[in-house]
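Chain IDs A, B, C and D follow the sequence of writing; residue 1 opens each chain.
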Amino acid sequence: MTVTMDAAELTHFLGREFPQVAQDFVIEEVGARRIRVRLAVGERHLRPGGTVSGPSIFALADVAVYLALLAMIGPEALAVTTNCSIDFMRKPAANTDLIAECRLLKVGRVLAVGEVLIFSDGAEAPVARASLTYSIPPQRDDEKS
Amino acid sequence: MTVTMDAAELTHFLGREFPQVAQDFVIEEVGARRIRVRLAVGERHLRPGGTVSGPSIFALADVAVYLALLAMIGPEALAVTTNCSIDFMRKPAANTDLIAECRLLKVGRVLAVGEVLIFSDGAEAPVARASLTYSIPPQRDDEKS
Amino acid sequence: MTVTMDAAELTHFLGREFPQVAQDFVIEEVGARRIRVRLAVGERHLRPGGTVSGPSIFALADVAVYLALLAMIGPEALAVTTNCSIDFMRKPAANTDLIAECRLLKVGRVLAVGEVLIFSDGAEAPVARASLTYSIPPQRDDEKS
Amino acid sequence: MTVTMDAAELTHFLGREFPQVAQDFVIEEVGARRIRVRLAVGERHLRPGGTVSGPSIFALADVAVYLALLAMIGPEALAVTTNCSIDFMRKPAANTDLIAECRLLKVGRVLAVGEVLIFSDGAEAPVARASLTYSIPPQRDDEKS
């Protein structure tokens, strides 16, 4: 299985399909079943004390698996998250970007599963881990057959 | 176990401690180990097509369990989410508020567990379900002893 | 959506398809999208102290959602668990049967989601909660089309 | 953080505390925050077709995190699973042992989090992934103070 979209194509796709959030995320590296995505932390992601909020961490995990999946299967805006399990393990460093390291464990016909570790930029111990399932809609040529 | 904070007190607490997001949420009903919270959906919660975003659904589930817990144990800003499992089951209705119906299943000494069903306002079939664990910090009088 | 298999039919199906474990479970009540299943606790389910083991609790949650699903869609041995999230909240009572109260939240074309509360027989506070996703294989007449 | 129990000590502990299941598991390698455990598959773990059952996969993930934790904190029989999220991704190979590769992501004062990949022995693609949280009981010298 090879990569069908690179970082530039994914960035372009994200900006076109999800303009509300595209500027939050920087795609740092794309590989076979792997991606690294940065959350460029801004005021709107923070809680009192400068900590990145839970929903922002969730959003980063979610977008990382989505982009890792698109990199493999191509621009499929309709893939949807069906399940997420997330463990918040440490307080993020204040006012610091988060880095998601994502790996796809399965890219099936109807379901894909990815796991994500999230770090405060420069830290070794993860802030959170997440696993997500995406449902992949039937492809057009399947529907025709 | 009785309720120690009512809807007005919880609303006041949320506005003081989490001013960035407090205006998103309306506490509709508080009971023993139960709460109903509305996400007043605005432009910032939406994805193309008017669908409420995954992170916004996560945020609603998270705040619902947090507030249900505070209603029981009192204003404890330091309770933190340690785990969330969420299933996204149906597409939310476009441009419609979401309602979270939350129930606490456990309020222990160090951990609390709540479950949440989330509906598009007026719909019968849930958009999502979530279960969350909160870690409750040691209380001051425990620390003294 | 109506029930297509009752308790007797489900019991017969379980005994035929899963003879290794069928005697562990008693189907107590079946309704639309609901089921109650008892784990008839025996020596093999116990840990030191007479507590029911985690894997036995998992097995009960898993079979409850499976049977609730079959009650709706008919005898489909090939439905498979794709995800389970489970919270263990209290120690089960020693040497006591467990009761699973299961509700289906979604029965879709390819995925079904159920949630389960598990109690020691006679107790009010749940021992565990679980949510499970089942993948439903394509039906024969779909494949033909 | 260093390992305080090696494979022989963990094996001895498991046999003494959990005699019902100890013979199912072989501890293959122990490292800092890591462990590899084999499920020696027998008739009682199988479903029709020779596939390892879901509860057996759960049991393997659970014991792997437990033993990885004990290797770090010492023989603490009272650590209990509070949460497990598990994704079943592929059918296990028939009549084949399973291998759990476990890594601890957090060993805190009251909570530990581990993640596990499970493989059919010799296969490259994982059968399942799981993440588990353990609650660590207060230590005796804490209780004294």
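Criterion: contacts are C-beta pairs under 8 Å (C-beta built on N, C-alpha and C of every residue); 3 or more make two chains touch, one makes a residue touch a chain.
Here the structure is a predicted model, which is why all the values come from computation and not from measurement.
Participant: Let me check something: if the centre of a chain is the mean of its CA atoms, which chain is farthest from chain D?
Facilitator: Farthest by centroid: B.
Participant: Could you quickly compare B-D and A-D and let me know which has more C-beta contacts?
Facilitator: Higher C-beta contact count between the two pairs: A-D.
Participant: Indicate the whole-number Å distance between the mean C-alpha point of chain A and the mean C-alpha point of chain B.
Facilitator: 24
Participant: If you average the Cα atoms of chain B and of chain D to get two centres, how far apart are those centres in Å?
Facilitator: About 33 Å, centre to centre.
Participant: Per the centroid of Cα atoms for each chain, what is the distance between chain A and chain D, given in Å?
Facilitator: So the centroids are 28 Å from each other.
Participant: Show the residues in chain A shared as contacts by 2 or more other chains, in ascending order.
Facilitator: 82-83, 85, 87, 89, 133
Participant: If you look only at chain D, which of its residues touch chain A in the complex?
Facilitator: Those in contact with chain A are residues 85, 87, 89-90, 105-106, 108, 113, 115, 117, 125-126, 129, 131, 133.
Participant: Enumerate the contact residues on chain A facing chain C in the complex.
Facilitator: Of all residues in chain A, those touching chain C are 82-83, 85, 110-111, 133, 135.
Participant: Could you please specify the touching residues of chain A with respect to chain B in the complex?
Facilitator: 17-18, 20-21, 44, 46-48, 53-56, 58-59, 62, 80-89, 91
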